[in-house]
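One structure is given below, encoded as structure tokens.
Naming follows writing order (A, B, C and D), and every chain is counted from residue 1.
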Amino acid sequence: MRIGILTSGGDCPGLNAVIRGVVLKGTTAYGLDFVGIRDGWRGVVDGDFFPLSRHDVKGLSKVGGTILGTSRTNPYEGPRGGAENIARTLEDAGIDGILAIGGEGTLAAADRLWKDGINVLGVPKTIDNDLRATDYSFGFDTAVNIATDAMDRLRTTGDSHQRCMVAEVMGRHVGWIALHAGVAAGAHVICIPEVPMSIDEICRQVTSAHDRGRAPLVVVSEGFTITGMDEAHSHKGLDAFNRPRLGGIGELIAPEIERITGIETRATVLGHIQRGGSPSAFDRVLATRLGLHAADALVDGAWGQMVAMRGTDIVRVQFDEALGELNTVPLYRYEEAAALFG
Amino acid sequence: MRIGILTSGGDCPGLNAVIRGVVLKGTTAYGLDFVGIRDGWRGVVDGDFFPLSRHDVKGLSKVGGTILGTSRTNPYEGPRGGAENIARTLEDAGIDGILAIGGEGTLAAADRLWKDGINVLGVPKTIDNDLRATDYSFGFDTAVNIATDAMDRLRTTGDSHQRCMVAEVMGRHVGWIALHAGVAAGAHVICIPEVPMSIDEICRQVTSAHDRGRAPLVVVSEGFTITGMDEAHSHKGLDAFNRPRLGGIGELIAPEIERITGIETRATVLGHIQRGGSPSAFDRVLATRLGLHAADALVDGAWGQMVAMRGTDIVRVQFDEALGELNTVPLYRYEEAAALFG
Amino acid sequence: MRIGILTSGGDCPGLNAVIRGVVLKGTTAYGLDFVGIRDGWRGVVDGDFFPLSRHDVKGLSKVGGTILGTSRTNPYEGPRGGAENIARTLEDAGIDGILAIGGEGTLAAADRLWKDGINVLGVPKTIDNDLRATDYSFGFDTAVNIATDAMDRLRTTGDSHQRCMVAEVMGRHVGWIALHAGVAAGAHVICIPEVPMSIDEICRQVTSAHDRGRAPLVVVSEGFTITGMDEAHSHKGLDAFNRPRLGGIGELIAPEIERITGIETRATVLGHIQRGGSPSAFDRVLATRLGLHAADALVDGAWGQMVAMRGTDIVRVQFDEALGELNTVPLYRYEEAAALFG
Amino acid sequence: MRIGILTSGGDCPGLNAVIRGVVLKGTTAYGLDFVGIRDGWRGVVDGDFFPLSRHDVKGLSKVGGTILGTSRTNPYEGPRGGAENIARTLEDAGIDGILAIGGEGTLAAADRLWKDGINVLGVPKTIDNDLRATDYSFGFDTAVNIATDAMDRLRTTGDSHQRCMVAEVMGRHVGWIALHAGVAAGAHVICIPEVPMSIDEICRQVTSAHDRGRAPLVVVSEGFTITGMDEAHSHKGLDAFNRPRLGGIGELIAPEIERITGIETRATVLGHIQRGGSPSAFDRVLATRLGLHAADALVDGAWGQMVAMRGTDIVRVQFDEALGELNTVPLYRYEEAAALFG
């Protein structure tokens, strides 16, 4: 059986460890034959394949990014896209099935292709931890470690200058990175998309920390929204002075905090450093295990499913189960942490 | 209500984060009064207490070790030990209950004291991850990260010199650290207490990796035993040349591998660096959450129980459930990883 | 003899190690008496002093920031400022001399105060490495390590997406951090204040790297200026589309590169994380040695001088020597590195 | 001109960065042709060469170890060794000169070969920093960072258990790693080969730290010798109880400290982790610069010389200058640090 492997969407630490895991087990335990697909669905549509042997994956568990390349191509678009064309392209290359490693968009496309008759198995990938059906996804732990380390550094500057430091972390739709990194770094305010807050509430918490002699540390997800702000500010991309705003939410909040509380405030947008580089040990183990179990699932012909983490086990889940609703931070988890801020 | 907090047994990254979590939530949400107990059960027996306020725990989530100190004292020993004496000592100090953070021995003592009428709540602590009733324990993730980082380093030396590198990691009774760090670092042989192996089997795997052009990387738990070796060697602390052996199992295995395979082999015993220093973000979050939930449990009077992690939740578990049998690596987890070695 | 110690200007990893070094040697070897001055010159002017004993500096070599606090106050301003007032304030507190740890502005003020009769000794502090008279200054090595680590991470994202990644690092007037971190991380373009370039030249180098199959990595000092750009763009804070520009130079360059080369480009502004957190071993050793030698210089009454690094030695330098001209990157150092880019 | 590159002796972080630097500049600026020599002098003797292009060195600045392999072969030994044989082997392969990257032994062999008519240029490599003629050598900074990080971790365990922690670091003949890591980590005793001490003096310093309420931290070079110990102990490899000693000096000292002071003491031998893994930014920059300047020296035909660091400059030095005497820690550097211990 010949399997094509692709990685799709934003890169994420652990992608290479999945690839290594599935290729090592697939070749040695089951005699599977693998081809790499370049740049996600783009390579499927274009038939951009190359041989992928055991030798090609050696040493990959600690390497960030993806050796396969990635893109955001939709496999149903373009003159060579669509299930029928793709079926023919795969058949021409002797490929019996696809292992698609990606996030919500990738898995939705995988689901549609599978319903259209293509053999697809999925591995969930989301640095934001926003997929239901898996307790944790690889890349998340690495991102939280990087964000925590950055905030540990910001804290010493805050303490020395008696400043309020604002750190903007990843999370367009869910606040997991902000919640975990905020708890780990001892943040005094945690702003996540699931819990909109007014600027006054943020400032109340900042002032409370300041009054206890602390240099306030605020962590904010990129997808956080401020309630009660003039629509012009939050939605039209203007800052509080009606200037076009180009930066992120962290750069919007910081001057507001300074203006209202009178405490000198600085913002840092962590950005892309959160998703690159060598994965944490947790992510390497999780990604490797997902790859190993994916090899089993390929041999079992478990198409239309994805492998996922539940507790300490790796299980199989129908695509449907993973899609639809995001894995948001439940309110009790946010409130649990609130006791740390006072 | 006044609560005494103690940490007992070997130190572990995350102890301070537990202390911070329980004190912050206990004081701000419930108005509890805390005292620190110095050096584990030793401080209980001696009545060595000191006030522990919110101010004392600030900034602690990232600090390794324990501000309370620790020891391996048994609370039932000595002229001032035993439940009756301890009850009086606690009463004199106005202490209504104890939060005991520790491993199997600590929790067994806590269970006995509770059955003898002392209010005790537990928080499980084991860097080896050897306690049932909690999916993961804080400190384990940090240890795995440190061991993985060390093995990443050993690998470059192995590759440059075409040597076999042996890394001995913690784990007297269970092989979790070796298994996770070995998978994360891409080890070619993983030797754990749960799966005794002969030196010939180890050498077969080393040679196989060498024949594939790799510099063999072997990870071995300190509690691993070699099967089929002369009793004099493995049990009487003699090495293969009948010299008294002072080092660990790693230093025993390495010269044997070199002798049998002819491949130059070096051992490194990671030792104490695995348990010190700042906790990983995962461990800070886990330890903080255990502390927060411990505050709830204290207010609920959930004596005789401990807080624990199940999936992504924090739950309460009877002491009994956690004791007795160790959380060993199940065979299917070991075999799952075996596909990586070939 | 009683000495007041102050830290002034932006915080910097190693400040606490200097304080520890001078207090340990000053107290144990010479019997000096130390007081801490809060928040730089602000504390001198306000007479904001506190006792500083050997006990207060324990464990500080690895702690980022400054336990003394810092500010940008000018000691010659305000009703209580000026040499005469300060002399009286110091006399009232029984302070015989000041150890001022700071950058160009701090040392210029120190020089002026010394010429006005106040006993001042200096320790150079600049994370940018922009002071003449010292080969390296503490904080610089830490900043370069952090920037290098961040660029290692950005590179994996660049490779996976075939993107050009732009990293903006510190350096308003000099390009040392960009040069060293760029060489260490294998950047393909290094943009520093000392070597203005046109956007076309930058794009030529980006395209050249891209044509060799590399994901171009560009590092740019915050103080870099683009030549040949409409004055409106570079000086009036407008971007290439005449929109007000709020971000840094990195955020200006990135969209220009993408527009001209057609290569998808992303910018990351590393910002404050470069100056916080635990110092590197190099910076701890350098800062500690400066502190130890400062104690000798205090006892010698070497007022009007500062301690500095030359080769592997610590020497004394007149304030004058250190001031006036910045330690810029010499052209031969930039050209030396240019061979790496092609 | 065709140049063969070899790395010889123990591996060291930065070797690959040197190789990358010389190949990039040599090919692009001077049109040199490079071949890799496998496993040091072994590959010279055996004529084990392979092409080394610009493409082969991409991304290498951050990669630990050496892609060329290394060995401890003496080029004057064996049937194919000696200057005459080597000259013929090189001529047959069209190799005009050798760039030898190595330590004292390698450079001594290079010197002898050069005096016997072979074109050899050297790059100094010593993780111990034991070569005269270069202020610092690459690999040293990385080793000091790793040892410092390990000691930071040991300290939290020492503090929690009120133990004395002993860390054995590299340094057979010189104590630079122990001195710098000891100062950086705030060690209370530093034991280096240049300054033999009695066990009583060590215990006096340990007890002094303990009496000040500190958990004593002792760093010891592997080549340190204890004065006044029975010859049987220190020279015949017996421990204080006349048992054969297999471990390092750290494992010898620890039980002695515990026996004499009564303070519980634990030893950790850092071993090979100090020399592996990704180089620090400092080492990457230094190694890259040495490589770039080596390309210049090759074109200049500066045979019989090596490139070296002086202050912030890269200079050329005759082999003779670098050999003969080791770069030991001068007494004034040891005494300078002594003020930290008291």
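One rule holds in what follows: a contact is a pair of C-beta atoms (placed from the backbone, for glycine too) under 8 Å apart; a residue touches a chain by one contact, two chains touch by 3 or more.
Fair warning: this is a prediction, and the values are worked out from it, not measured in the lab.
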Query - For subunit C and subunit D, chains touching each - result: none
Query raised in the report: From the C-alpha centre of subunit B to that of subunit D, how far is it in Å?
Result: 34
Report summary line: Cα centre of subunit A to Cα centre of subunit B, whole Å, reads 30
Report task. Give, as an integer number of Å, the spacing between the C-alpha centres of subunit C and subunit B. Result -> 41
Query - Interface hub residues of subunit B, defined as touching at least two other chains - result: 152
Query raised in the report: Which word fits the touch map of the chains here: line, ring, star, complete or other?
Result: ring
Requested in this report: Mind listing the subunit A positions that touch subunit B in their complex?
Outcome: 20-21, 24-25, 28-29, 58-59, 61-62, 135-136, 141, 144-145, 147-148, 152, 180-181, 183-186, 214, 278, 280-282, 284-285, 288-289, 292-293, 295, 310-312, 336-337, 339-340, 342
Query raised in the report: What does subunit A use to touch subunit C in their complex?
Result: 7, 11, 13, 15, 39, 63-66, 69-71, 146, 149-150, 152-157, 159-162, 165, 239, 243-247, 251, 266, 268-273, 275-277
